[in-house]
């Protein structure tokens, strides 16, 4: 087993879904059952991913395996210097774990969709789109350079657009698709600028080479400020793709797409790509950039959590909770809790996919009713869906014995440690507050949907448990939301191999001055500093940080347990036992309630500012177009017409005259010579005889 | 004037006179019979030139085959009951002038050429030698001609049947 | 009186050739045209054999004459078939009436 095999395996996993996409798209109209091909491909891809991850994690847990080739070599350009672009595949532990998450959820969503999308008129096309999405996501996971990541980034955006607008006959769906695409472009513009700065400075796109050059003290424009700016610009891509504040507005609208798509793309994998990007570029993020990231993460965690409190559409609640959880991950990266961010990415992917597929199951059973006020009591009708949904809700709320508890607790501990190290407790406060809100709104959703009495009797009567292909993915995902897969000790995630061996915080390459104080390598206490120096490659963050994390673990855990329990309690008080009346409370704090219900008026604000501005500018340009440019065009048109009419006359009289006289001449000559051509053989023979005589005379052989 | 010369003049006269009648007689059937004499005369000239085998072939193929074919052509394309199995002539004047000119020119060049003649003694029978040549040096050509003849006959049959 | 030599034979050949051309040109009937062609072929054969004898070419000339006869047979067969086809198409074998090539 060599590393080449690993690279080849990764290449096969990468391109298999593309094959599925092409075949399914081209043959979709001819062969009704072609979607089975796509499903088979995705199952093969998943099996290969398991093999890949197994090989990588058990044989090469420390190495990063890279296979690259030169794509473009422009040589030594006058201004830019040597330009050569490499493409390649990098398989490290992060990628190996991520590919399992992506292909597993992709596979489950494929299977779930077989039943959920049954009867759709573009059934095969739907599976083709899932195929290209999986292909692009795999590309993001395996890339070893930021250009390839950008390419696949845009491909992911494309497939997301196609799938959100899959039911494009519905205006809201096609609008949502466009909105997602355009809002993402705003973030990608920033990311692109960041990539350009990196390329201008380092003449390469490859992560490792950029990291090494930064490690040697070579930073953009020789200024730490520009390093921070570059980091923030690249993070802009993540803001767009991961739907972070202030570009989060597209994600709730994206719920217009089919529900399995929401599970795959807008909850589990694609939106996680933003977090994955930050994880990839983490080593070059300076302290300033990290602080900015932490603020964005905190805002994105808090604002959507408050919005989710009052939403009545089951998918909207989940959408806002997704933004909130992604905000958690971003916040976690911002405060330096790198490994917990990735851990939460994995666990969240599973339980959020489960929540969405569960809601898809409910929506399917309720005949596309999404309003939770019309549900209730479904517990008895849909036991499997209820049980799995409950497990996922427990996980997202951070109740012990679930995976969510482990990862969320780690993030809260990270914010806690950050507070204790820097004295900035803002992030910790936001973290715990959001944990409270999360528990509350998730159980509001569970209680309103599954508990109590049915509020819409007719729909309730028709509800039924979903078929096997829909229930099976739910059960698998529910199993993956239990702690046991990640660590043997339900209260300490670091005892499992995932955090202790596989996910390691990377070496930080930014200049010492630009880092957080606690990340500097000399920030360790004197007696511990020796070991820190000796194992510089291994211990990345300072001992101080490790110490602080260790100390933060227990209090953070207790506090998070307390707030989650509090949220749960309030949810039950309000909606299950009806001890408190939510409507009265809403009446009391009317402005706040309206703010939350109307999603903090983000859409309205954007409409009034950016959209209105754009429209105004467009109108201005339209006016310029209509009056000035069209005037010029019209003027040149009439000039052209004048010239044309002149040239037309010239044509008619002079040129045609010449042509016609030639024709007359030929006709005349033809008339004359026609006499000779009688069509009679004997005439020709006479002519031949005379010719022969003439020739003989010419030879003069006598 | 030897007997050889006399024989030559006899055959030449037969050939030329009958050929003249071939092209001038109005009745086609008569033309065909005059053609028989022309072929006979030509065969005689062959004998005088020492080509006995060719002379026999001339008689067999031309008189026995081609002439009969031509006669069939006449019969098949004219109603036999119609007495008018005749053919008109066209372009008499230009034809006479052109042919006379041609003959004059050819004859003039014949007389003006200084022929290098080595009259070789021809053996009594040429059949044996010709046979050897056909089967050895010209074997391929011989075969090809056989195939050509076959193709021509099949083609003619299929064309005439349509 | 000169001895009979090459020129005599060639002279017969010329006359035969001229008469053949004359026949082809003047006669209307397609079968007559064929007869003219046969005359021309015969004149050519006389030339071959005369040169074979007086030009000391051995038997090559005679072989060539033999081949010409074979070809004449083939030609006669094909030409007759053509004439029959023409007769079927135009109901006549007069070549001066067959001038549709002109149009």
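As written, the chain order gives the labels A, B and C, with residue 1 at the start of each chain.
Throughout what follows, a contact is a pair of C-beta atoms (placed from the backbone, for glycine too) under 8 Å apart; a residue touches a chain by one contact, two chains touch by 3 or more.
Keep in mind that what you see is a predicted model, and the values were worked out from it rather than measured.
Contact with both chain A and chain B is made by C.
Between the chain pairs B-C and A-C, more C-beta pairs are in contact across B-C.
Spacing of chain A relative to chain B, judged by their CA centroids, is 97 angstrom. Each chain gets one centre point, the mean of its Cα atoms, and the points for chain B and chain C are 7 Å apart.
Between chain A and chain C, the centres computed from C-alpha atoms are 92 Å apart.
The residues of chain B that reach two or more other chains are 90-91, 94-95, 98-99, 102, 106, 111, listed in rising order. Within chain A, residues 682, 686, 689 each touch two or more of the remaining chains. In chain C, the residues that reach two or more other chains under the touch definition are 21, 25-26, 96. On the side of chain A, the complex with chain C involves touching residues 677-682, 685-686, 689.
Remark: chain C residues 21, 24-26, 33, 95-96, 98-103 touch chain A in the complex.
Residues 1, 3-12, 14-23, 25-32, 34-36, 38-39, 42, 45-46, 49-50, 52-56, 59, 62-63, 65-67, 69-78, 80-85, 87-88, 93-94, 96 of chain C are the ones that touch chain B when the two sit in their complex.
For chain A in complex with chain B, the touching residues are 682-683, 686, 689-690, 692-693, 696-697, 701-702.
Chain B meets chain C in the complex at residues 1, 4-5, 8, 12, 15-16, 19-20, 22-23, 28, 31-32, 35, 38-39, 42, 45-46, 49-51, 53-54, 57-58, 61-62, 65-66, 69-70, 72-74, 76-77, 87-92, 94-96, 98-100, 102-103, 106-107, 110-111, 115-120, 122, 126, 129-130, 133-134, 138, 141, 145, 148-149, 152-153, 155-157, 159-160, 162.
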